[in-house]
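After this come two complexes, each holding chain A, first together with chain B and then together with chain C.
Right after this comes the complex of A and B.
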């Protein structure tokens, strides 16, 4: 059993990772009008979510690494925060444990899906 | 915590809505949790939807078409707003956690003094920066991207 003190420290570390990587993601995807990052949106005249830009970004080997790091940090930060909120409401012990177990299962499942997608999209982009 | 026997959290989640004597920081506490839950809900769906890029162009376009429209656009902007607040307030919380911006420790001698007034400027700075970021995002979402 990992002590809450350690999990809380990881929660803060994960928050700092998210701050940098999600900040970059937000600027790339949602502030491209104000802050055009041509490195991450190289196809001029196309929106960040257009397939051409998705493929162009996906070719870089750093992208799956960044995606997996952000995915892990965000899932841990979000789901650990969620279990803390549930515990703040002082639920019965069985409910708190069930929520924690569900958070672990959902977190691991989505981490597996997201990691597969990041690697598979990179391999696909390199073929195109 | 769930093991507490002496001070049960009788207000539960309703306690979020009452700032009481804690004032502004208590509402920031509630807003941090509300935005965190909203971001988490969005993020879990976002992982599933964006995983379609691994299946090729047609699946990606179909997934993006399914989440297009004014309602989704508004939802996306609200996610940006939630992120702006949650990130900046998170920096404030991390600074406080590490002992910055809370002032020097003093002896607990009557009349007691609170550190809330020392922390307040940081909370105001966070709100101003969040407002600026939200305005910049709104300009990008609804003015620049509309053209």
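Right after this comes the complex of A and C.
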């Protein structure tokens, strides 16, 4: 049995990862005028969502790594939080176990799909 | 409320041998300045309802026996002045989140059992020293402050009654036992973090607490169980990642080799008993 201590510890770590990476996203996409990050927006004179910058970012190996990390952290943080909220309602044991099992299956499925999309986008960008 | 002359108690009554379900009964008594809720209960028992049952002992907020729900808030009846409630209408009920034994008496045994299971005592390798002490352990004022406020807990169960997680999660240990885990973990004389961690690492541990803070609000002794639970969470997360600063239980203070009495200190009076 995975003890709640481990799950909670990783829940906190996942929250910190989300905080850092979403902060990076905000700076890159929405605060480009204030904090220009040339590493992530390399094409000068173009907006962060312009095609040139999107392709340039997509070519970097770090991007799929960041996407996969953010995806894993967000899925774990969100789904563990969701199962905890369900348990707050004091469901029967079988229902709590079913919800947990569903969260694991859905989480792993979405993680696989999202990871494939991130890697595929990177490979596509490198061909352009 | 200086004009108050009468006070009305609406008390939830339940005798499992007689009643199918709890019900409320109303009693009106004379009010005198300084009357506490507990003293009012004694007056009702003496004059109106001799079969009314509650639990009380010290009458001074020390023993923690008379915890009950007073106008919707878990309090000690002995510690609550009626004049402080701002009304002459009192509604009393047993502490929620516990089974009722009778009238205002909750069954606190589940809490006591959980408390026992979490090792609420100093865990050391020199167990014999605790059974037959030969000296004192080192402990600085700073060390003492790490756990002192949590040691003021009188196990009155008001925090357990106020906790919303206790109301919905039967597996949760509750604020009192978890605060006592932190109380002993934070004690510089203790070396039992590991055994207590094993006891609370699962679903009855501090993880279900979402910091409503009601336990700290109702505590009649000013203890902050919510803070203790957050500190416990932090220590356990750090320990999981191997980042917790492990402490050695403090050692015995060595006795001075040649103790010499300072001049000018008078002799203690001889025992009279």
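Methods note: the second predicted complex is superposed on the first by the 123 of 128 C-alpha atoms of A that agree within 3 Å, B and C clash if a C-alpha of one lies under 4 Å from a C-alpha of the other, contacts with A are read in each partner's own complex, and residues count from 1 in each chain.
Going forward, a contact is a pair of C-beta atoms (placed from the backbone, for glycine too) under 8 Å apart; a residue touches a chain by one contact, two chains touch by 3 or more.
What you see is a predicted model, and the numbers here were worked out from it, not measured in a lab.
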Simultaneous placement of chain C and chain B on chain A, clash or fit: clash
Which superposed partner A:26 touches (first chain B, second chain C, both, neither): first
Touching partner for A:126 - first (chain B), second (chain C), both, neither: neither
Chain B versus chain C as contact partner of A:106, first or second or both or neither: first
Partner contacting more residues of chain A (chain B vs chain C): B
Which of chain B and chain C A:6 touches, first, second, both or neither: second
Chain B versus chain C as contact partner of A:88, first or second or both or neither: both
Offending stretch of chain C which, after superposing on A, collides with chain B (from 58-66, 76-84, 166-174 or 256-264): 166-174
Contact residues of chain A, present in both the chain B and the chain C interface: 12, 87-90
Residues of chain B defined as touching chain A within the complex: 1-2, 4, 8-9, 12-13, 33, 36-37, 39-40, 43-44, 47-48, 50-54, 56-57, 60-61, 64, 76, 80, 83, 87, 90-91, 94, 97, 136-137, 139-141, 143-145
Residue numbers on chain A that touch chain B, as the complex places them: 12, 15-16, 18-19, 22-23, 26, 30-34, 49, 51, 54, 58, 71, 74-75, 78-79, 81-82, 85, 87-93, 96, 106, 110, 113-114, 116-118, 120-121, 124
Complex contact set, residues of chain A against chain C: 1, 3-9, 12, 84, 87-90
Of all residues in chain C, those that touch chain A in their complex: 165, 168-170, 197, 201-203, 205, 207-208, 233, 236-237, 240-241
